[in-house]
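In the two complexes that follow, chain A is the common piece, with chain B as its partner first and chain C second.
What follows is the complex of A and B.
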């Protein structure tokens, strides 16, 4: 497992992402709410660039005690990233598909050494 | 370029470059050696509304043309084409929708031809059947005269301007003004022999259409006599009475595509159109595949109890359905055993045609067919292009493709 340089943390703004290529492999690295997350950039649906699309808050539909719906809302903190090919939507913190948690992108560890960010791949 | 996400938050993404967006598809082409396989995409799209400035002047009736052109003038005062409700772009999640205008092309060829080259090359597709997008709703237009004019103008533009710019990589099945049987016949007689016309298409999204009405028999005969095919292209209509109880686009979309083809396929089969026009290839487009086993069983069940209502039939409805062709997209790959059963029930090896539906949001790559674990090599080659090669007389683009067509018994020349 080698350390692959991603970039400098000071230049990696919150809410941004970078794609690093290692041979034919591609890894998407996100910075979200101060933390780094890294996943395979190959969508588990049809192989699209899973990490290169929109990041968007999870949509929720809270129910009241009487089971009536409160309508659709964005979650206050849970963030997803979306494959731009077909809209497969993954949980930023786990890489799991939000509709079926068994579908999970390969996750990579991210380490920060000083101002430098590395992915272990 | 920025896209709007939750609560107005802006997310920076690269501007659209189809070749780059589909780079992973190009890797699949290389890994699977698709260059050696003739791949025909029997359902792909462009956004014809982006070309209305060129299309509408082809309208024949001066009054209707003036109305259409005026409605498109700056500060547009109305829609010339019926449009549906919906969120195809999923709120920008499918980024090629909001970024579409940012993609760069040059002035040397039609923009759609250049974009077509990019995605066909990336996917390993050799030929595509080009269909419009918004025009799939033309059957909802309240004026049959305007429906005819729009179909006529599009047919002229696509055969005289668009297809000639695609270096033979695209063909089409022209949209018929089905509310106007005489106009439909005129379309077949006028455009049926034009280069790049593989047949004619009826938009399935219609609230009232009787495909078995006697008025249409001359239209079907004219298509059959020319050795062309007829297709029914489905779509959703969230605004119809049937689907207004759906409170999510997902529901209206999932049901709508299936429903409109189920409806017209039922009428086609029960009225014995397969007996009347046995040499007319019939394609059912963009409804997925899961509806077909349902309809086969349902119609066979009723037919065995009520054969006196359809005396023209000489075999079960499902047998006629197995004589017809189905495009694969959007293929429901959720239960592999159910999908395998579906393939068996429709004789997929000879009746299924690969389709991408690109650039629409739920497109399928050729790998969706190629990677199915239960297919024989012959079935893979047939579905991806061999069967379409026979139907539309599309020549192989290299020697390896020709040899594969010969190997699997599909080669008909070219």
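What follows is the complex of A and C.
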């Protein structure tokens, strides 16, 4: 595993993504709430560009004490990204499929050294 | 040099001759030198006895002084670029050597996907949010007549036209969010029914339009 320079953190706005290629690997690098995350861009469903779809907050349905629904809400901090081909939804922080946590995108470590962002690949 | 016949006889005595391969003429021929070399073990033993004394006198082994320096370097920690480090590298096959720089793989940026457009708080947005909050608080208190029907009509018409105009321009966003008090399915059906009725549309016409368009 070697550190691969991706770019400058100051040029990487929050909410922005970069799709990069390192050798054979295609990787989506996200910046969300100040932190960097990197995942394989190959969807575990049928190989679609998993990191290039919508980013959307996790939808939650809080229940009242009597177990009736309070409606659907967006979670305030949990963000997901959605594969544009058929809608597999992955957790931004872990790369896990939100409905089945056993399904998990390959995660790459991201290191920030000063203003420079590196992916370990 | 023994004759092939003699070789065969000698080969049949040696353990090698038991293998099936030794039955071929070629192997028979090969077996001859082996048989002839049989008396050699004695000489080999003698050579082996001599060998350790030769090894002691070998040039490649460190002298006691070098060994002492090596141990001292080990105890004192290995300084980078020192002779001791080089010696260590030699001894350990490079295990302590600083790892060579990893081959640089090229990072190719394929696409940059910008962050979603930030929410702008324009003065008009602030006013609209204030009116929405006013209506919501009235609803929560059960004050259904505070916003009179003509004001509701004006709001509904303006919102309907604003949403449709944005939709036409490709600005697609959900008309309702899950934030705030939930809008129920009944609320939606009542409002949609009223809107359809207001423009004299039947539900099947809405269905046809949706199937023909991307709306």
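In the analysis below, the second predicted complex is superposed on the first by the 121 of 121 C-alpha atoms of A that agree within 3 Å, B and C clash if a C-alpha of one lies under 4 Å from a C-alpha of the other, contacts with A are read in each partner's own complex, and residues count from 1 in each chain.
The rule is simple: contacts are C-beta pairs under 8 Å (C-beta built on N, C-alpha and C of every residue); 3 or more make two chains touch, one makes a residue touch a chain.
Keep in mind that this is a model prediction, so the values were computed, not measured.
By the touch criterion stated above, A:74 is placed in contact with chain B and with chain C alike. Judged by the touch definition given at the top, the superposed model places A:82 against chain B, while chain C stays out of reach. Once the two complexes are laid over each other on the shared chain, residue contacts for A:5 go to chain C alone; chain B is not touched. Of the two partners chain B and chain C, more chain A residues are in touch with C. Applying the stated contact rule after C-alpha superposition, one finds that A:21 touches chain C and leaves chain B untouched.
By the touch criterion defined above, A:48 lies against chain B but remains apart from chain C after alignment on the C-alpha atoms of chain A. In the superposition on chain A, A:40 contacts neither chain B nor chain C.
The interface of chain A with chain B overlaps its interface with chain C at residues 15-16, 52, 55, 74.
The residues of chain A lying in touch with chain C in their complex are 2, 4-7, 13-23, 26, 52, 55, 59, 70-74, 119, 121. Residues 3, 5-7, 9, 11-14, 21, 23-25, 27-28, 90-96, 361-365, 367-368 of chain B are the ones touching chain A in the complex. Those residues of chain C that touch chain A in the shared complex are 102-116, 177-179, 182. In the complex of the two chains, the chain A residues touching chain B come out as 15-16, 24, 42, 46-49, 52-57, 74, 82, 84-87, 89.
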